[in-house]
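Across the two complexes that follow, subunit A remains constant while its partner is subunit B and subsequently subunit C.
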Partner chain A sequence: MTDNRTLRWFLFAYLALVFVFIFAPIFFSVVFSFNSDRFPTIPLGNFTLKWYQTVWNDPDVWEAARTSLTVSLSTATIATALGFATAYTDYRYSFRLKPIYLGLVLLPPTIPLIIMALAMLAWFAKLGISGQVMSIIIAHSVLTAPFAMAIIRLRLSQMDPSLEAAAWNLGANEWSAMRRVIVPFCRPAIISSFCLTAAVSFDEFAISWFVSGLNKTIPVIILEIVTGNIDPQVNAIGSFVFLVSMTLVIIAQVVLMTRRKKEN
Partner chain B sequence: MVAPLVEFRSVVKRFDDFVAVEDVNFTIDAGEFVAIMGPSGCGKTTTLRMLAGLEAPSEGNILMDGRVMNDVPAHERDTPLVWQSLALFPFLTARENVEFGLQMRGVGAAECRRRALEWLDRMEISEFAERDIASLSGGQKQRVALARSLVIEPRILLLDEPLSALDANLVIRMQSVLTRLQRELGITFVYVTHSQSEAFAMADRVVIMSRGHISQIGSPKDIYRAPANRFVAEFVGRNNIIAGAVTKTAAKTVTIEGSLGSFTVQTGQHDAPRKGDVARFVVAADLAQISVKKPKSANVIPCSLISEEFIGSIVTLFLEAEDGSELKVQLQERELSKVDLKSATTTYLSWADEHGHYIGVD
Partner chain C sequence: MRTFSIFKQTFRLPIVLWQSLFFIGPLCFTVAMSFFIVRNYRMQEDFVMKNWAKMLGRDYFWDSYFLTWGLAGIGTIVTMTVAFPAAYTLAFKVSETVRRWAIFMLIIPFFTSYLVRIFSWYVILAESGVINAGLSYLGLGPFVMLNTKFGTVVGYMTLTLPLVIILQTFALSNVDRSLVEAAFNLGCRPFRTIYRVILPMARTGLIIAAVFCFILSFGDFVSPYYLGGSKPPTLPILIVDTVKSGQQWPRAAVVAVVMMVTLFVVAFAGIMAAYRRRVG
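Entry: the complex of A and B
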């Protein structure tokens, strides 16, 4: 029994350490964002909203926030639409080269980001569309569509295969069946995949940095600020980014989980 | 002459190399309750799906009201199907499920609602109208599925093993619900099942399928009393199948000699076999007699009692003949008390001449 208890304590401590390593930097970044000292040192100075005010009054940050928002919402829309289409193709049809098709669809996340970013830049430059907001959207859609596909595909795999045919049988043509049965069935997965792809796009740095040109996103502007000098405003921006991403991820999780509970 | 409601003309269905349905011909009249029965993989569900337009025949034609339906897509047919899995829409309430077919037919919202509630009421589940599907019991889901199909007022309802997920008591109750509905509505039911008791309890006519072919079509009584061939006789069960070589043929009778003895039976509608062919006949278990004294009949098989099985007031006796083959006799419990089987070492199974039913050669 003692062995068992020791092991349990050990595993518990290990788990706690994992969380500490993941969250401590974020936690301190949030703490320092309210700290009046310019340098992140302990003991802390006074509580202040100074850094948030600086950020608030910085038109560059506003511009970046607007770009980031546009990019992540557009990316989420495109990636979820693409992901849904590929997942449905996989669900509905069987064809000879399907394993290759699926392999290609799921490939982008396995490519190192920096390689992908360089390739995107070269490709966009050739097409003459680099350095635009649109180029970031396209690149992010390529990166995140496989996630959307995986989430929606999982949902479709839980669907009674007769469901779609039942809709046809009751008088729905292919489009009505899609709109009235397949999409509603996949709705939780669609919402989750929208939130997750938006979150990934919102945080993504490497590709944005390469292809954004003058249209900086939030992660790009953070890097620009910290390369210039040590400036606690990055903590304020970082806290904001963290808040947005976590909100999106939590929404995605909650939507997926409540649905599952309801169906069981 | 009025065209039958449904007609299958030489219908073949192939999936790649596999032939699921081969040269199927039959008709269904308006208002009939037809059961299509057979073991799994016999093509019964494929036949039903072709009728619903969910599969296209590879060859042949399927007609409804004399019109060839082969190219009519599923959503343009009024052939609602009650699915084995029920296939209710889990994200809709019971009422919304029932409204679906009406909405697809462009019925207005208020009218949809009224008719859906009317059907839920008729199926005695109106109190669950606004419930999620997941919160309903098996029997309630079944009723929603029926209401969803019947609300569009079809002339034909297709059912694909709809009761297979229910427990035995509920099956009996749903059977009476189905037969009553079918009589009241006067529409055609086509019911696919592997369960003989369901088919025999409800259907006017039974189509028995085996490996993509139709083995026999007839009333439950015809099929039970006069199986057309060995497959049907074995599938229906409760039969003693006796095989042997043909030793003598005469007008309308044939003598078959096997390890159980030599017996003469009527050939009925079958072609006369040739001498030496291996032929079979059946004696239904409930038409066979058992006795401890050797009866005078020409159709006697001596055997010994192995076991008995009580199902309510019916008793099935399992007997073993001298050659080791198993035979069955079914009788009322009160009749059994008249026969003193316990003390006898040898019992005699016998049958009247007219109860030996010839099922041909194979």
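Entry: the complex of A and C
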């Protein structure tokens, strides 16, 4: 391809700029969480930990952190289990209604969260299970199961189909072939799907806000503080939230990537 | 041989039950709820057209509707345009390793708190915020960026840009390189090559990216609320206000159903356009 040097550098600079735009809010949120001004701008004020202290001493935040942790770990467990079962079904079996089956599984992320929030709120009220931690967990599992399914399905498609058949021929029944062959092969995908679904659940605010009742999660607390006024506490909580979700995402990716390298 | 296998059903059935009960169930109930009635602050199951007549008969509903369309439309056009050179660079100008790392970086924000990022933009874009403070050194500004359509679109892009770049990069990576080179060798100028060769070949992926971008923007209440000023409210804000300010869930359900129908039509039109056979 005829390559124009100037054009090339222009494109690289542009790409860098796009990344600056994408990471600017994350970067500034962390910077401002250590900044003494109530309304942060440049030049920056003094270095301070007072926002972290405020947050640390707030019992509501601790309560919310506990709820968030319960919700995201439970969600990740349910969603990964559902996602694994579904991915395996798609991998191994073919049946007439499969397109509908897959649609049922993969559709939730295409429905706007605000609609899901309203629908879940009304449905849980109807079933008499609204306003509980369980309601958030159920709603989040519906939302995140497709991610789990996609990650594990990708992993299964890298597996040699004769592996499972070989296990059967060597006398393993379906259950022990599942336990000894399929699950170990999928382990990296299971770990990373667990982390990613936990991260999505940990950050989700619209559904949580609608269905949580008095059991606030961290994002709901943030939403309520933000609606009130400008309060740099949000930056402190936000930095913590970023730290948690980025750690989860990075673990997920590293687990997937290193395995791939080892096998190649 | 078709026998009932416990093993098979253990893996197949759970998701069907789960999604029927907690995904299809709630959505169908929302449609039904739009025909319910509220008496004495209590919702009663019924089948009346009152909520529909009330919502669709009001000007503010249609103001919201077209505003939401306009904002999501502008957001999609801007995001697709801004993303394209970046995706083009990632697809054609960098090595495999760089591309993998870039996509890794683009996945991260998708799983981090959107809400906190929007709050961060609120502080950055404010009249005395980072950008205006920076511009004042150059003797420019201050510019009003909050409570404008510009603010809303920045918010939408925070949500959609990484995803759109990823999808566009995949779409462009599937374009046959030898055809692009052939166009160059035959003397086709770069922009003409993009327009006549690359865009048509990447069409399916690009349209899917645009559809996702539109759906995400259309359904987002955070950006138009915190960065756009919410006057007039968009449809998602209308749902939030209706639900949070009282018992009028059926009216919120009307808005939700209108949104679902709209998005379904947009997605369907997009998919038709994406997979249509090229004529000629």
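Please note the rule applied: the second predicted complex is superposed on the first by the 261 of 264 C-alpha atoms of A that agree within 3 Å, B and C clash if a C-alpha of one lies under 4 Å from a C-alpha of the other, contacts with A are read in each partner's own complex, and residues count from 1 in each chain.
In this section, a contact is a pair of C-beta atoms (placed from the backbone, for glycine too) under 8 Å apart; a residue touches a chain by one contact, two chains touch by 3 or more.
Being a predicted model, the structure only gives us computed values, none of them experimental.
Overlay on subunit A: subunit B and subunit C fit together in the combined arrangement. Touched residues of subunit A were counted for both subunit B and subunit C, and C has more of them. By the touch criterion stated above, A:210 is placed in contact with subunit C alone, subunit B being left untouched. Shared-chain residue A:47: touches no atom of subunit B or subunit C. By the touch criterion defined above, A:184 reaches subunit B but does not reach subunit C. In the superposition on chain A, A:167 makes contact with subunit B only, not with subunit C.
Vertex at subunit A: the C-alpha centres of subunit B and subunit C lie 100° apart in angle, rounded to steps of 10. Superposition on chain A leaves subunit B and subunit C with their closest Cα atoms 9 Å from each other.
Applying the stated touch rule to the two superposed structures, the subunit B and subunit C interfaces on subunit A have no residue in common. The touching residues of subunit B, when paired with subunit A in their complex, are 52-54, 73-76, 79-81, 83-85, 87-92, 100-101, 104-105, 132, 134, 148-149, 152.
On subunit A, the positions that touch subunit C within their shared complex are 1-2, 4, 7-8, 11-12, 14-15, 18-19, 21-26, 28-29, 32, 39-43, 81-82, 85-86, 88-89, 93, 101, 104-105, 107-108, 110-116, 118-123, 126, 138-139, 141-142, 145, 149, 174-175, 178, 196, 199-200, 203, 205-206, 210, 219, 222-223, 226, 230, 234-235, 237-238, 241-242, 245-246, 248-250, 253. Remark: subunit C residues 7-8, 10-12, 14-16, 18-20, 22-27, 29-30, 33, 82-83, 85-86, 88-90, 92-93, 102, 104-109, 111-124, 126, 128-130, 132-134, 157-158, 161-162, 165, 180-181, 184, 190, 212, 215-216, 218-221, 226, 236, 239-240, 243, 249, 252-253, 256, 259-260, 263, 267 touch subunit A in the complex.
The residues of subunit A lying in touch with subunit B in their complex are 160, 162-163, 165-173, 176-177, 180-181, 184-185, 187, 262-264.
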